[in-house]
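For reference, the structures are reproduced in the following blocks.
Each of the next two complexes has subunit A plus one more chain, namely subunit B in the first and subunit C in the second.
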Partner chain A sequence: MIFDPNVILKHLPEIISGTGVTLALWIAGMLLGILIGFIVATLRRYGGRAVDLPLGFVVEVLRGTPFLIQIFLVYYGGPFVGLSLDPVPCGLLGLSVYAAAYYSEIFRAGYASVPHGHVEAGECLGLSRLQIIRRILLPEMALIVLPPSVNLAVILLKESAVLSIITVPELTTTVSAIGSQEYAFLEAIFLLAVIYWVIVEAAARLGRLAETRLSTFRFAAS
Partner chain B sequence: MSFKLFSLLVQASVWTIGISAISIAIGFLIALGLSAALLSGKALYRKPAEFFISFFRGVPLLVQLLLIYNLLPFIGLNVPSIVAAIIGMSLCTAAYQAENLRGGFESVPKGLIEAADMVGFSPRQVFVRVKVPIALRLTFPALVNEAIMILKSSSLVSVVGIVEITRMAQDLASSTYMPIEIFSSAALIYLVICWAVALAGRFGERSLPGAAK
Partner chain C sequence: MTLPAISVRSLVKRFGTATVLQDIDLDVPEGKVSCLIGPSGSGKSTLLRCLAFLEEASEGMITVNGEALGFFENAKGERERLPAGQIRAVRAQIGMVFQQFNLWPHMTALGNVSEALKTVHKVPKAEAEERAMVQLAKVGLANRAGHYPSQLSGGQQQRVAIARALALSPKIMLFDEPTSALDPELTGEVLNVMRELAAEGMTMVVVSHEIGFAATVGHQISFLDQGRLLFTGAPSEIFAKPRHPRLEQFLDTYLDRGASMLA
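Right, the complex of A and B next:
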């Protein structure tokens, strides 16, 4: 294997665009996942058993089945129920729903970590439910929720590589295509691994930084 | 969907379970070595182990599988794709299990080790009779979680051509034009396997020595 850097330079625009698609899908999927996950966790907390049980079942199913199968179900099964999606929207939908299931569990644990007395104190002061969520529950659970959220973000980035199987033009798809085109598949896969590695390390460091910042802030405030 | 199709998926699940179980077992052995290197306190051992763990935790499993699948023939090892798949999954799970084991060994209470020292245990006895049982007990839940993760990740070995549940489902879906039924059935099978492992894990946890009764 003679690594020819010219191959990379020649295809640099494609590699950058593939990286861009991966980053965009990852961040959008994560944000949607956090939003939906938070709503699901909140509904499960306040909605009573009639809401909690079915949502809990859906979360269990999403957490107990491979991401690839979920993607196949939407991508190949969707058209049979009138949901014909292009690879990119399909990938985004799959990634967000998958993320939402895991984030909802993180938020559920976050809700459970806040001492009940604090919520009762808020109720006694006449705060509305929304105020209690915004002023008491969310700030108090932030530090609990952050580490698993960063962890999950890293997992999501890695899962996004699976989207190459349904031909989403992200990093894995792009770089392996370059590899077969240039008869340099092994080099391409090495490059791919290194790019993912760099992004994951950067994300993990950013997460740790946020954790330190948040904990010193909390410490100073208390 | 006919019973025949469903039974084909169930038969394919033997591969899913087999590959996952073998990978978990090999991964555990590698992880023992890695965690020993991490805890050795010598940079010569620790640094390579850290590098290995960081790499295999930082790169998507799909990319690792493609890498190993293409690397093995390149270095002159023409092995069947099943071997490449098992190597890939074992290395990946080893990185995760090593971190778990390190955490387990680090949380063995110091007092217990000192107590064993006091009653005249040799360092070897302290390791075998005190550290290992407690660390394994502490990391058991994480091991069960990892087993479930690997079961789900094993769907990715379908890309190197192994006909496990996911590949079988793909083949059946394209030949029968019933993707919804087929992929839902595949999902159901994964779900049942994962639940079974979780249940067995909970049962195992309770029957381990030193469990809270």
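Right, the complex of A and C next:
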């Protein structure tokens, strides 16, 4: 088999569109995951055992089962409980919830990394719970949560390829289709690897940059 | 005789099944320095944390300048929790200084001292920082305002922590072993700030192993042993011989910490 770059050029518009869908789902899923994950971690911290235990159970289930199976369940099982979703919203929901489970654990560790005395100092000075979260806990945990968050972002991008099985028109779906249509499977697989790798590399660099900025800005000379 | 700044009545504190404080009665006189001494694990920190409402007493009552802290006794004589707003108002009269400083590492000294003025009291930034600078100058650290805690010595950090508490103009200052985490040569600068504060007439409750400080600056000393207040009195009474055997034993242990002057 001879590698034929013309296949790529010919289908460039579809490839760009597929990449766009992947990027959009990835970023939206990540942001929603961060938001939900943060809320879950915060509820678990302040809500008492009655909130912590059930949420902890859900998080464990989500972290203990393959994303592929979760997506299958929501897409094909959802209609049985009245949840009929199109592939894209279903994919976004699945990705966000999956991400939220992991982000909630990252934020939980972040909360735990802040010495309790720093919180008590805030309480003694009259800061409300929300002010303590916003002004003390979040900035103090920022450096702790950043590296695993970037790591998770990379994993999410790669997991998003799973959405091709429910026909979300993302990168893997698009390029695989081109591969079959043109009998250029190797080119397709190779191209996929390159595009994912470029995005991952860009994300990792961005993460490292943020980390350096944050550490010099936040804790000068420490 | 004026109203005591803090009055503690029949206070009991339990952690699970362990009773850590038993039947504590204590009056903290206004404008005076009250010291809490006692062996490790006797409950000094726990008592101080109850006064700061960082721990909730299991039984008993605490009043601050006549106002109930946290709980009050209703008409039926039952202990009832006060609304959050009221608890906050009473707590606002109290400043707390911790053994571990507990400065926020992502804020400069100025940021630490001005934070609560800005976020809690909604003082505009410029004014809050001006007021914070006054407090930093007071503890001799005006020239360190832009430093992060990690760039300050332990003694300087503790002085920033004192300035942070003072910035909210508390009526009472609580100190939990403010010098225990410091190298010996740094304790002096912190104790000096506390001496000045005492001279200005600040009501202070100080938990300290610095028996010398307690004996010279304290107006009232309370000796806590195994969760009970064995006695409270003026330094001259407390350290006069003959002493209670538990106190004698305690002083022997801390003789090398500056109590030799009392021997």
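Following the convention adopted for this analysis, the second predicted complex is superposed on the first by the 220 of 222 C-alpha atoms of A that agree within 3 Å, B and C clash if a C-alpha of one lies under 4 Å from a C-alpha of the other, contacts with A are read in each partner's own complex, and residues count from 1 in each chain.
The rule we apply is simple: a contact is a pair of C-beta atoms (placed from the backbone, for glycine too) under 8 Å apart; a residue touches a chain by one contact, two chains touch by 3 or more.
Everything numeric in this text was worked out from a predicted model, so none of it was measured.
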Partner chain(s) touched by A:His118 [first = subunit B, second = subunit C, both, neither]: second
A:Glu201 touches, of subunit B and subunit C: first, second, both or neither? first
First, second, both or neither for A:Leu127, with subunit B first and subunit C second: second
Touched partner set for A:Phe72, first subunit B, second subunit C, both or neither: first
Comparison of subunit B and subunit C by subunit A residues contacted: B
Subunit B partner contacts - residues on subunit A that touch it in the complex: 1, 60-61, 64-70, 72-73, 76-77, 80-81, 154, 157-162, 164-165, 172, 176, 185-186, 189-190, 192-193, 196-197, 200-201, 204
Complex interface listing, subunit B residues touching subunit A: 54-55, 57-64, 66-67, 70-71, 74, 148, 152-156, 158-159, 166, 169-170, 173, 179-180, 183-184, 186-187, 190-191, 194-195
Touching residues on subunit A, where the partner in the complex is subunit C: 115, 117-118, 120-128, 131, 135-136, 139-140, 142, 218-222
Sites on subunit C touched by subunit A in the complex: 52, 54, 88, 91-92, 94-96, 98, 100, 102-106, 115-116, 119-121, 148, 150-151, 161, 164-165, 168
